[in-house]
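Right after this note come the structures.
Presented sequentially are two complexes of subunit A, the first with subunit B as partner and the second with subunit C.
Coming up: the complex of A and B.
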């Protein structure tokens, strides 16, 4: 296809992606170098019968003028990146210098908002992803062996947790684990502890979010593996049987190697999706004990008075760098494959 | 393979039956439970006394004279004007699906038929774009949109959702068009068609299965989106999911959590119907990326 025809076909979608994905990334990079204007204060003398008092207030008019002139705020260089709510370089240096042991360093770093969110995001990504793959695989193998009549309904109901939006799905679970909800009440009677609440401790909240993540994504892995199982070559399975392989050995030495590429695909999709975990935190009202990078950005943009564009943009840039690091191995592999093909 | 040789020992068969049942309960029970509970009052659905109350509904019966009530739905749909959000969602999803499929088929077709090196780079860029957390992009939009005075309107959100959806649509349709033999449109071009005529006359008639599948996923993205819609739409233009979230802020204190429950169920039911009719397409769409690339 000549370049001109190619361009003719692709320009609308290319334009959409450049305007609304590439440019915003540039805009984020630009905004992250700026910070909100300082408040312009005016002092007004207020003289009454009991003497004069002076009152300091924000000059709204001057502020509005300044905002109109420089909407992004004032230039701050990389200041936002290193401040205490982001990379907190000074605080880290201080913590490392003054802490006695590793445990103290760790717990003090966990109090810095950015690192708290980063650690949760990474923990979520790297705990949920493997569990999803394992659980999805087990479900697929078992469902593949049940009578045909059951398969349709099982797939139907399995799709639900995945297709329902994370906010709604997490709300549904959140209401059930409420101490007055069915799961919450059952756990209380199970452990014989009427004060037990999954929302109270950070550890339990983390576990709840991980469980939710696995529940939400396992169906995806299940469906992909299930489709893969239909294509496992029957001949190989049969010759394995002739050679005396047991049921488990057939799964271990025929099915798993055959499905390994699918596992890579699921892992890639899951890494991308889990890294942006955000809605469950809102659904479970878990922000007090678990925040993610995406949640930090959302929170900055939702700040009570006016959105903290600079701060949100700096977190966004750091998140984008994280995504690229995450994808680097995949991109390298694709590049090698592409070169081999051409 | 003979069935006899493949027959399972009884304990293993039992074990797998139990496992499948467990998984079914885990996957489906929360939704069925919430649907059932949405017809109760808060005192039953969040019962302090006994969880069985959520099934039998004694408090609901005392208040409304029957164990089922539509009070939650009435509160959400009429009092809190949830119907407005439903209309907005309908507008957004219809336009997002139509526009992203139009752009996506053209682009995906071009990517599938052009053999140049830059198609690889475009696809890789699309992959990176697909991985971008949406909220980072939103933080890039907000300030320019405030400046241009386009914040809060449905068309803005529709265009943004289309653009966010493009990388996925391109990948999916690209791999679908690769599976349509090249000879088809090349034969049309030998017969004197231009590239676009070949696309219109030879490809469009056979592309519908792939387009329907991709369309389903575009629909799901637009329908389920929370990040973009909650940040880019004003209160009165809100779609369903941000509306549900705003219920939580405003209604949790007043003991009106049942409004949110009813709204959540209202948002789930269309998905139920969707899966019922399009299960096969959804499954094939989920696996398309895996099997082909």
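Coming up: the complex of A and C.
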């Protein structure tokens, strides 16, 4: 395609991408370099229903003048990125210098909020993604062999977890695994342990979140694989049958290689999605045991009375960098294949 | 589902109040737009403010738990989306920091004869808010259960643990205590309450420098950890909303909970009437040999936006005067501990009043308190789960607070 035609076709989406993706990311990156102005405090006698005290408050008018002069705040460079709630470079140097052994280094680093969130995010991404691909593939193969009459209803029910809004889906499961809920009570009687609770221990909470993640995303993999299965060449399958390949051998040597590019596609999407895991942490009230990078951003913006925009922006940029690092191997492979073909 | 429920309740309230709209507040014209939190006492106030609506006076309301996140952007626009922001001790701070609310002295002089001096919230000599109710956490207990087992109403944390132990040993309840220990805002509120009971302060006076008393803070954390030992193992997922079902199911006999929720626990239409009948209230227990109730006192009040016309501001003030009128209180005596003149405490108010009389301390109305609250909410759970020491938890809190306070410009 000549470059001119290509440009002609691409410009509307290019414009939309610049307006709605590139510019906001640019503005977030810019914000992450700034912190708020130094607050001018005044001390005065304040009175309320419970008596009078001498208290400090912010001199709002002086602050308004400062903000009018420099709306973005004070330039802080990469200071927010390296502070204790993000990459914590000083703290890590200190931990490495003062710890006795590797175990202590590890546990002390894992206590830093950013790394605590990162380790859960990575664990979630790398456990849920492969399981989603495998489970999605299995469901697709099974559904594909279901009699035609049942196919519609089976497909519909297999898709349900994906149709439910993540927050609602996680809340539904959260109530079901409550010790008074149907799953929670069943597990208790199954293991004969009235104190068993999936919400109580961090390990079980992680497992619950992983299970939820697989439950929620498997239908996506299933849909993609199912569509792919319809295009697997029948004659290759038939010749494999003539050669005496068993059902398993046909799946292993014909279907799987044929669907491999689809698996790459699903892996790509799932790595991106799972790295941004957020809703289940809210839905399962799991913040005590698991936090993710997206949760940190949410916390900076919503938990405090005054949002910390710089901190949230820095975490957002680090998340974007994380996604890029994660996708690099997959993208590189695609690039190589592309070059081989041309 | 809750949304449709809320919407239909709001709609019903709207229709009901429209029917009663004959009460003329004497406002000539103007637009009153109220933003508030979502609980029954505020519904009562807002409904009464809405009675001022006439052909020329528009009164609308938005009652939502998201009010804290909405208020700053909504009042920053000019004209502001809301003319009235109903706030509490903590949520007035961001509005003042950004200079979004106006002094009320002029309106108080003109239209505020019904107000008592204690209702006027002065900041730097100017009235910035009108308080109308007090709130605090206090002890909820099952009178019937305690009496059956020969237990006195606990006045200290040690007595509370002894009571819980006795109930557990007698096989009455395995997890007799319940409280909102969900990490985040709830857990931090519990820590702040208990720490205030030690009589110590959070900050160096006049600065944003964190200066928690280490020994007192550790004592508080240890008491909180002991609390969790008598709670349902899922305590880390229980917020304030999760308390009542547990209580109504008869699974707990001791609870530290909000005064504003007390009315519902003993209401005649409670789903478990026998439990409601056995529920009583007392001051928060004291800690560490002291006698201060471990509770922070809160007020709820209203503020008027700065970025609106003077006409709307005056109309808003007058409508809210009707909202917090003694007539409103006469209709809703149980809904809150009112600060309005002529208030007679009801059985639901016993706990908050006991806190007040016991000398409980107000929640600090400091510009940087919210950041400490967040830091506490994020960093105490691991200690309570037994994953780290109290010292480590406190040093994590300090690190998180210092980082946030530096970014917000309070510390260097």
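In the analysis below, the second predicted complex is superposed on the first by the 281 of 342 C-alpha atoms of A that agree within 3 Å, B and C clash if a C-alpha of one lies under 4 Å from a C-alpha of the other, contacts with A are read in each partner's own complex, and residues count from 1 in each chain.
By our rule, a residue touches a chain if its C-beta (ideal position, glycine included) is under 8 Å from a C-beta of that chain, and two chains touch if they have at least 3 such contacts.
Bear in mind the structure is a predicted one, so any value in this text is a computation, not a measurement.
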Touched partner set for A:209, first subunit B, second subunit C, both or neither: neither
Which of subunit B and subunit C A:324 touches, first, second, both or neither: first
First (subunit B), second (subunit C), both or neither touched by A:275: first
Which superposed partner A:48 touches (first subunit B, second subunit C, both, neither): second
First, second, both or neither for A:178, with subunit B first and subunit C second: both
Which superposed partner A:287 touches (first subunit B, second subunit C, both, neither): second
Greater subunit A contact set [subunit C / subunit B]: B
Which superposed partner A:254 touches (first subunit B, second subunit C, both, neither): neither
Touching both subunit B and subunit C, residues of subunit A: 178, 285
Residue numbers on subunit A that touch subunit B, as the complex places them: 1, 3, 5-6, 8-10, 12-14, 16-17, 19-28, 31, 71-72, 138-139, 142-143, 145-146, 150, 152-161, 163-168, 171-173, 175-176, 178, 180-182, 185-186, 215, 219-220, 223-224, 227-228, 231, 234, 237-238, 241, 247, 262, 265-266, 269, 272, 275-276, 278-279, 282, 285, 293-294, 297-298, 300-301, 307, 309, 312-313, 316, 319-320, 323-324, 326-327, 330-331, 334-335, 338, 342
Subunit A contact footprint on subunit C (complex, rising order): 68-69, 72, 89-91, 93-94, 96-99, 118-125, 131, 134, 182-185, 205-208, 232-234, 236-237, 239, 297, 299, 339, 356, 361-362, 364-367, 370-371, 373-374, 377-378, 381-382, 385, 387-388, 392, 396, 399-400, 402-404, 406-410, 412
Touch list for subunit B against partner subunit A, complex: 1, 5, 8, 12, 16-17, 19-20, 23-24, 26-28, 30-31, 33-34, 37, 45-48, 51, 54, 102-104, 106-107, 109-111, 113-117, 120, 122, 124-144, 146-147, 159-160, 162-164, 166-167, 169-170, 195-196, 199, 220, 223-227, 231, 241, 244-245, 248, 257, 260-261, 264, 267-268, 271-272, 274-276, 279, 282-284, 286-287, 289-291
Contact footprint of subunit C on subunit A as seen in their complex: 35-39, 41-52, 54-58, 60-61, 63-64, 73-74, 80, 83-85, 91, 111, 113, 174, 178-179, 195, 197, 199-200, 202, 284-289, 299, 302-306, 308, 310-311
